[in-house]
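For reference, chains read A, B, C and D in written order, and residue numbers begin at 1 within each chain.
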Amino acid sequence: MHADVTSRTIEEAEVALQQTLGPDYRLMTLVSPNIARRARPGQFVHLRLPGLDPAYLLRRPFSLHRAVGDRITILYKQVGVGTAAMARLRSGDRVSVMGPLGNGFPPLPDGFHPLLIGGGYGSAPLFFLAERTSQKGVVFLGGKGRTDLLGDSDFKALGWDVHMATEDGSAGCKGLVTAMLEKWLAEHSSLPTVWYACGPDGMLRAVALLAVEHGVQAWLSLDRRMGCGAGVCLACVVKIQDPEKAGSWKWARVCRDGPVFESRQILWEGEFA
Amino acid sequence: MHADVTSRTIEEAEVALQQTLGPDYRLMTLVSPNIARRARPGQFVHLRLPGLDPAYLLRRPFSLHRAVGDRITILYKQVGVGTAAMARLRSGDRVSVMGPLGNGFPPLPDGFHPLLIGGGYGSAPLFFLAERTSQKGVVFLGGKGRTDLLGDSDFKALGWDVHMATEDGSAGCKGLVTAMLEKWLAEHSSLPTVWYACGPDGMLRAVALLAVEHGVQAWLSLDRRMGCGAGVCLACVVKIQDPEKAGSWKWARVCRDGPVFESRQILWEGEFA
Amino acid sequence: MSVPRLETAIGRIRMKNPVMTASGTFGYGTEYADLVDFRQLGAMVVKGISLEPWAGNPPPRLAEVRGGLLNAIGLQNPGVEGFTRDYLPALRELGIPVIVNIWGRTLEEYEAVATRLEAAEGIAGLELNVSCPNIKEGGIAFGTDPAMLERVVRAVRKQTSRTLIVKLAPNVTRIDPLARIAEEAGADALSLINTYPAMAIDIETRRPVLSNVTGGLSGPAIHPIAVKLVYEAVRAVQIPVIGIGGIVEARDAIEFLIAGARAVAVGTVNFTDPTAALAVVAGIRDYLVRHNLSDVSELVGSVRGP
Amino acid sequence: MSVPRLETAIGRIRMKNPVMTASGTFGYGTEYADLVDFRQLGAMVVKGISLEPWAGNPPPRLAEVRGGLLNAIGLQNPGVEGFTRDYLPALRELGIPVIVNIWGRTLEEYEAVATRLEAAEGIAGLELNVSCPNIKEGGIAFGTDPAMLERVVRAVRKQTSRTLIVKLAPNVTRIDPLARIAEEAGADALSLINTYPAMAIDIETRRPVLSNVTGGLSGPAIHPIAVKLVYEAVRAVQIPVIGIGGIVEARDAIEFLIAGARAVAVGTVNFTDPTAALAVVAGIRDYLVRHNLSDVSELVGSVRGP
């Protein structure tokens, strides 16, 4: 949780481009000038998808993958009815976009090296961060298989050092991204780093443990089921340390107080089923 | 009510053609071989419209306007959400068609002349009847204005004598179609006729009165809100004379026992609001 | 893997699969005969039958609302004599269990219908619709008052040797006491839910869309309400429960089964697609295969903790 | 024709139009401040407040079902002290009437919240959420038991001089006796409905979709149920009624007004579109113009015979 205020808007954005990114992922670019202008890495948008059966009432949240000029890009995976409707959108279709939402990643403190750790579509907000961070650093991408490693060449093109791991060994090191990170840390123990991570809960939890072990700051972007996306419905809560009362906890709203939290704030519990 | 059994089917029909018919009406042609083959004039189909918000659960009933080869044609007016979705359909789209439903118009008895009386889209089933009736006759078309007179040239092309009336006088005689019919009857009182009518309730009721007055048989095709279209839900009922008990009434289902009834069967009441 | 077993039983009614059609939404068995292969259904429940022929409400009787239908057919039916004479013979030929839904305005009417049907052949069970107002007791529905529910179930139980299903009304604060009362009074099974009391107004004419002012809501809109009531009823009684309400596709039926329903009935969706119940049967079979279950009974009541 | 008059009043609360936002769906007034022009709303009802801060249920707390949402937030709130200290100051600045939704687990808790709020400034009214179980009386909801409803309304009435709205629970067989009890016990207005108890199960995991197993159904699915209950409550009492449940667009709100509601509250649809309430205001205005009505009061209760 990192205090930050941006004013949000809702705009009807036109789909400019849909691209496939391997078999499972897609990129959608929207003309959304007011959001593109304000967006910062780690923030997200909440989309009302026109082709979705209106019996489904909720918007769908997606990290900002890029914001250039009057355009924003989303990197998404088709997993259910909403993302299926999204995949059917064509250039010229209109989508209601609410955003930019949430607090982004805090800026890199001077004298530190950034490490980015992404799992699957978790690399979406990290690329945006890399683009906006002048200090180059190291990117760790992980996934089940090679098709889950997203944007490695883009990170490289920005001048970042990219390391990859897949669980099935189809690309990069075989194993978990956090194992690879651990190895890298052993070899670079003297470098002062700040971490930024996004991916499945299991990965984030492992990152958080490593961060404590290595005494570094790790900013994690969480993914929780959302209702409003705006802080009113209290659906997306996560337990965090109560800053005002040591040893006790309180709920934070991922949509409004997050989605980025410092790893020590989060109380990982059975609630993440 | 006129006993008649056809076996029905449900088929995924492809839209072959959508045509506009003036500002308010359209023609939709569907490739629906099993229904086209069985269809007889006065029967209808029940359509599940793919573009309709699935929150609307019901099919929509439409008279068969034509059935030629493997195709059926519907003549419709855009009045609400379902017909709006229908107007958005394009060639190649698929529609689930249930039909042919209901009992059609009974055949013309030998030695009689057919009179067809249609109001607005009521001329839809009458054209099908004209096409299938070898004995030519007289058609009376009525509507609010000239754009509500449908298919007059088609009836003429079949060799039928067409008379038209509009309430606003923009085409044909000014006035109601039944006034025009009455005038015609006065001039042709010796001709043995059987009438077939379809249109709004007000018109059908006036036709029924004239039929009694002139001692002729008049077959009326009724339009009632439907649920199932198949005789099970009992939504579409109309009061008819109970044939087994003089002086008492019973409900008939427009979808199954109709939509065509002999005018004397129907008990016109306040229920037709 | 071999084809999973779908057979189930409700009381003494053996069904080849757990899917039936709900009362009032499938007619008397002949109306859909050319469109649906009845033999593939688990059972069929016919439209509510009363002692005397009943005219029901004037139209409009049905309206579409978002995600549902509103109906006030008003229980139109040919009466028990008309039913056994004109409809039962064809129903007997269907080759699947036929369950007759019955209703009355007094205890005596319920009893009388059950007695008449006891004499008829080819009926597998009775489903007691207790959602109708008792005219002798000021119009309170039999199904919402515990004492009245007990009396009507007990009375009908005495008249019938057939499987007796009590169809509970959903508009009660707690379903479990009513479920238990029906069980204790002799029901062999429960079915729920019936339509939920509701209303719509045409804003252009400012008139209720139904002649009866209010009507019963059915369809997907009521499904999550039905799942909860079924879940609670299953926990309250030992007898089987039939899940009804808003089934559109197999997953809705599977939800009822997981919640503990031994069978389901498919209603409103028949109007959209008369073959929907068959698609539900196929979908349940597919699900069992996909989840490596060999018998639908493994699914019934298999809901886990949250 | 001139611009129609939209002003309405609920008890002593004067509203510039009959549209408010429903409790729990619009936060505490600041969350949507940059997206919605609050001054155009008739009033705002804030999330339910209890005596002590309350953590609510663990996630998952919300799920989508066809035509609705299922929620079991569990009434998470900062408690009355936290509310008056941290949220009320900003709410006072909104320039529209602020109504505070309150709840308790015992009669005493309800009383205490009302008392504390009586001391605070900038509150136009209280809305009593009586859908929560009374822990002293075995968990029966205050709003479904007549005697308990009477006691809680009477108790809170004694503590508050502000407009007191009682928000009725929908899961009762008849709403009219409860509506009358609330009126007699001192309510200035009624609001209905709260969410309807419901449930959904994920058929892949076979777990309830909510951690709390059951939740409350909101959204379009419950609208026809709400319209009926509002229609009946209006006929049972003299005090104004606020229609809530499944409003998506102006026509749904207009339906409530025609049924007799003096005002409406917009809930779930805010999540889809936070400006929905403003669109409802605009739509009501358009409707009045189109129907040549100069004052929204001409619409209220204008339902005709069927």
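One rule holds for everything that comes next: a residue touches a chain if its C-beta (ideal position, glycine included) is under 8 Å from a C-beta of that chain, and two chains touch if they have at least 3 such contacts.
These figures come from a predicted structure and were not determined experimentally.
Engineer: Using only Cα atoms to place each chain's centre, name the chain farthest from subunit B.
Structural biologist: Chain centre farthest from subunit B's centre: A.
Engineer: Quick one: which pair of chains has the most contacts?
Structural biologist: C-D
Engineer: Rounded to the nearest whole Å, what is the centre-to-centre distance of subunit B and subunit C, using the mean of the C-alpha atoms as each centre?
Structural biologist: Those two chain centres are 36 Å apart.
Engineer: For subunit C and subunit D, let me know how many angstrom lie between their CA-based centres, rounded off.
Structural biologist: 34
Engineer: Between subunit A and subunit B, what is the separation of their C-alpha centroids in Å?
Structural biologist: Distance between chain centres, rounded to whole Å: 59 Å.
Engineer: With centres defined as the mean C-alpha position, give me the subunit A-subunit C separation in Å.
Structural biologist: 48
Engineer: Which residues belonging to subunit C are in contact with no fewer than two other chains?
Structural biologist: 66-68, 207, 211, 220, in rising order.
Engineer: Can you list every residue of subunit B that touches 2 or more other chains, as numbers and ranges?
Structural biologist: 55
Engineer: Report the residues of subunit C in contact with subunit B in the complex, numbered from low to high.
Structural biologist: Residue positions touching the partner: 24-27, 31-32, 34-35, 47, 55-56, 58-64, 66-69, 71, 73, 76, 207, 211, 219-220, 268-275.
Engineer: Which subunit D residues qualify as touching subunit C in the complex?
Structural biologist: Listed in rising order, the residues are 65-68, 70, 141, 144, 171-173, 196-201, 203, 205-208, 210-214, 217, 220-225, 227-228, 231, 246, 248, 251, 254-255, 258-259, 287, 302-306.
Engineer: Quick one: in the complex, what on subunit B touches subunit A?
Structural biologist: 53-55
Engineer: What residues of subunit B sit close enough to touch subunit C in their complex?
Structural biologist: Interface residues on subunit B, with respect to subunit C: 7-10, 48, 55-59, 96, 98, 224-238, 251, 256, 271, 273.
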